[in-house]
Amino acid sequence: MSKELEPLSDPGLPEHIHRKADIDPIAAKRAERQVAILFSLSAVGTLLFIYSFFFVNEDLFIFIPIMGSTNAQQLGIGIGMAASLLFIGFGAVHWAKTLMPDQEVIAERDELKSEQSDRDEFVKSAKAGAESAGLGRRPLIKRSLAAAAGLAGLPAVLLLRDLGPLPGNSLNETSWKSGTRLVTDPGDRPIRPSDLEVGAVAQVMPELAPGKKRTLENIAKDAVLLIRLRPSEFQLDAERFSWTYEGIIAFSKICSHMGCAVALYEQSTKHLLCPCHQSTFDVTRAAKVIFGPAARPLPQLAITVDADGFLIAKQPFTEAVGPSFWERKS
Amino acid sequence: MKFISKYRKHRFARPLLLLFSLCALGFTFSVATAAPSSNSMAADARSTLIEEGQQIFLKGCSSCHGLNAEGAGVGPSLIGVGAASVDFQVATGRMPMQDMSQQAMRKAPVYDEEEVAALAAYVASLAPGPRAYTNEEIKWERDGNTAEGGELFRNNCAMCHNFAGQGGALTQGKYAPTVMGVEPRHIYEAMITGPQAMPVFSDKTITPAEKLSIIKWIKSAESEPSLGGAPLGRVGPVTEGLLVWTLGLGLLIGIAVWLTAKSR
Amino acid sequence: MTARERIAGNVANYVDERTGAAAWLKKNLNKVFPDHWSFMLGEIALYSFIILLLSGTFLTFWFDPSMRHVVYEGSYQPLKDVEMSAAYASTLHISFDVRGGLLMRQIHHWAALIFVAAIVVHLLRVFFTGAFRKPREFNWILGVALLTLAIVEGFLGYSLPDDLLSGTGIRIAHAIIQSIPVVGTYLSFFAFGGAFPGEVFIPRIYIVHVLLLPGIFLALITVHLMLVWYQKHTQYPGPGRTEKNVVGYPLMPVYMAKAGGFFFIVFGITAFLGAVASINPLWLYGPYTPGQISAGSQPDWYMGWLDGLVRMSPPLETYLFGKTISWNILIPGLIIPGIIFTGMALYPFIESWITGDKREHHLLDRPRNVPNRTALGAMSLTFMVIAMINGGNDIIATHFDLTINQIMWFSRIGIIVLPPLAFVITKRICLSLQRKDRELVLHGRETGRLVMLPHGEFIEVHEELSPAKKFALTQHEQPAAIELVKEDARGVLNPKGIRAKIQARLSSANAENIAKPTAAEVKELESGHH
């Protein structure tokens, strides 16, 4: 380094200053005692752990400020364990700091680079090795090896094929068919329009065939939110309006953004909010996105009533529910 | 008394006094809100009650809700909202509103239980609507099922009120309030009336028995002790992350500084 | 020789005859480590990892990574008879029916949060002090890889218990996979064994979480530490410290006692957190079903920035030629993180290209002396913090009386405007600090003592710095910018063209510094009025 860059010369390591414990035997003795006390505190922590583990009732709760009513056993073994570990650490560090040598030492760095002669020799032997294998002279071997090695990776990929079935058309399908009854979830009770007051919501599922069980995969696509407004509050086109029934409108509860359950219905504003990423949908305008990252409205389910007066789906969903995917028809 | 005056200039005197007065204030409020409600009323007393309610209404509510509760620019019509709505809104202190902010807040009620009952009777007399309940009628301890209530709560309530009933954010500054420490009857009335942004949960989609289960679950969550230590507000990973970056890393880095500092 | 010494000697002899370890140990027991608190940050991460291995092993004794449906019969009453997956039920079992189980679960989770946080602060230390420069570029890349893996590993752990919150996280991960153009749908069906949520995902990520990733971690951490060992630690500049030496304490005994003690301290602090603060109270979340959700569904903090980016994304989706592309998921969920992590991994090479500096560096930079790098770091941090804030916008809204819409718009605009602002401000601050250093060297420290001169003028007495201090403030290099060679002496245009131009521009911005005092200036002062 030039003098220009370093205007001042390096004064070198400052002189070593002795600690109290280095020169004063009383201070050294005191430090020794302190370390011993810290280690003993660790033992006390272990005892607290053992005591809490065996002798504190699992159902005992004690009041601790900030924490509230707290399980005594959990707290006892936790604090015991923390103390038994912490004080070993504090003791060891205090020992190192006060009693072990604290003179800084200087170690030289070796250059990381290998000696030039070693390097030359390595290059030479590597070259010689390649030469004798004749890779350079026999391009056929080189190319066919490269091709074979590349292909050999394929089985590894192919072996993963049976991780799952192919999607097929399944993402476009739900359990909703024309005429499927809407039933409450949980409870599985069919619903009449009169069951819902204006301003009411209900989470519904398609009625199950007898003996069938609802799987999580079903719920992940079938969950529907039913909302009742005054029919005059809708701003829908004629077709979408015909999908409602006496002010009752049904949307997929699965967010069109990332599939969370959208269910934060604000009766006062007629907005639906998704708690995951705050996409906001306007119920009166067929769940049009008015805020947030979602790009599509929630799919609307066409509903009507059957002969018994229960709400049914008029037809299946006309689009795929849930988050977007490459093959989705928009 | 000498003891008190002797220490009145002590450096802890002011904070202690503040603490004491806060406690006293809290106690007064809790007594006020917990005052027992009179439940049964004779039929002939009803008309005088309605009269009384109308008087209170004209004084305290009509400026926003109109002279005949038909609604005005600021306040909605109260015709047909029923006694349940009045009991929920007024007895939880939400009405009358202090200012026209986003949303009426729960606060110490302005009217006592009798005045609330009178107001409720008046509004109920305008048009039929859901009736008010008393805490004694809501037999959640007897008829509710905690586990079932939990499932219903997660299905219908947790999306706004959070998994532990701590409340959550809605759009444009509206929020779902915490359901902790709410009177059972007010929880029940909120479900059947759908106050403010909250939708209505009809008796047919969530039966009265199921509503009691929800209340039972809420009460169970409310009284649940801190099983794993300080609950950190029960709002999920945000406060946990905050604690790691402040207390956790703070302690560790502090110790690292001590560890590498030269001792004398 | 006492009996004990003789036995020890025999054992040592036995081992050395079979391994030849004595020669290696002789050299390495005296290995020197420089002492500074910021050199302990990586150790926090290392120790958290060991804590994670220990506590995680404990948890595997009871955890059942199965999505099979069971009915809960354990001791937590509010979930009695509720249908749930075996994974969730066994997590409840660990929490309530295994003594110390809840404590270990909480220790494991707190340790995971501390692990990633420690990696991040360690990375920041390495970045701002320039410790990534030659010869340590490989180790920097390993560090970036470890951070990435730690985030993935953490997310998998968060997903395992199959509670409502973790299921929501998986749901979002599923949507990100599904949004990948062309192959997304197939990938998601392979990963989940069919439609979401299926019954195989948790068993699969379990084996990745407890075997595959920890194995990779062990290998990478070993290499990371071996390189530190072999290349020797960097050190802060100061008197006696040069590029050719390393000043500190020998491994045996001081460093061993301190490092060993620190392990117990980190474990102790984690246990303390596990004892006093609840984390992931999943019994309140309930079992996962896709039809349910909780307000304030957040990921753990290290994914918070990603969630924040997804939240603030504009609603962009294209439908072209019959194919749908969800830019609103792809950009914040995959493209921006990809750019950030790739850029981070490549940064040592980018910087050395800009400065043209290909020499080895073992002395660390003071952040102020490299204003551009420091400003770039502040800029990236600002970006991350804003994204993180938006990730918790709902909690912030309810606790600070704001609206989620305000916070969202603040973040959307802020994430574009504030990082460059942070760059400019940080650079100015660095230059001011350089100016202050220069003043200190040339005029000494202000003592606050006022002295009246004979003719009545008041002056403040300045105290000259010690030679050690002066040296520390002036030892750094101030590299000149790379000159742009438009054409060489024979008039041939520079073949690098635009690349050379960019390099020259960046280099000149990088070289913007307050000139440190020259030797002449210092000398003049010394011979002057003092």
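Quick notes on this structure:
Think of it as A, B and C in the order they're written, each chain with its own count starting at 1.
Everything below uses one rule, namely that contacts are C-beta pairs under 8 Å (C-beta built on N, C-alpha and C of every residue); 3 or more make two chains touch, one makes a residue touch a chain.
Everything quoted here is computed from the prediction, not taken from an experiment.
Located most centrally within the structure is A, per distance between chain CA means and the overall CA mean. Distance between Cα centroids is largest for the pairing of chain B with C. One simple way to say how far apart two chains are is to compare their mean CA positions; for chain B and chain C this gives 43 Å. Separating the centre of chain A from that of chain C, both taken as means of CA atoms, is a distance of 18 Å. Chain A and chain B have Cα centroids lying 33 Å from one another. Counting partner chains per residue, chain C has residues 35, 102, 258, 261-262, 265-266, 269, 274-276, 291-297, 393-394, 404-405 touching two or more of them. Annotation for chain A: residues touching 2 or more other chains are 67, 74-75, 78, 93, 97, 102, 185, 203, 261, 263-264, 275, 278, 291. Each of residues 151, 155, 159-160, 168, 171-172, 176, 226-231, 259 in chain B touches at least two other chains. Listed in rising order, the residues of chain B touching chain A in the complex are 148, 151-152, 155-156, 159-160, 168, 170-172, 174, 176, 194, 196-202, 204-207, 210, 225-231, 258-259, 262-264. For chain A in complex with chain C, the residues that touch the partner chain are 1, 3-14, 53, 58, 67, 73-75, 77-79, 81-93, 95-97, 100-102, 104-109, 112, 160-161, 163-167, 170-171, 185, 203, 205, 216-217, 219-221, 223, 253-254, 257-264, 275-279, 289, 291-296, 322-330. In the complex of the two chains, the chain B residues touching chain C come out as 146-147, 150-151, 154-155, 158-164, 167-169, 171-173, 175-176, 217, 220-221, 224, 226-232, 234-245, 247-249, 251-253, 255-257, 259-261. By the touch rule above, chain C contacts chain B in their complex via residues 35-41, 44, 77-82, 95-96, 102, 106, 109-110, 113-114, 117-118, 121, 164-165, 258, 261-262, 265-266, 269, 273-281, 283-286, 291-301, 304, 392-395, 397-398, 401-406.
Taken in their complex, chain C has these residues touching chain A: 30-32, 35, 99-100, 102-103, 135, 168, 171-172, 174-176, 178-186, 188-198, 200, 231-232, 239-240, 242-250, 253-254, 257-258, 260-269, 271-272, 274-276, 288-297, 307, 310-317, 319, 322-326, 328-329, 332, 360, 362, 393-394, 404-405, 408, 467-468, 470-471, 474-475, 477-478, 516-522.
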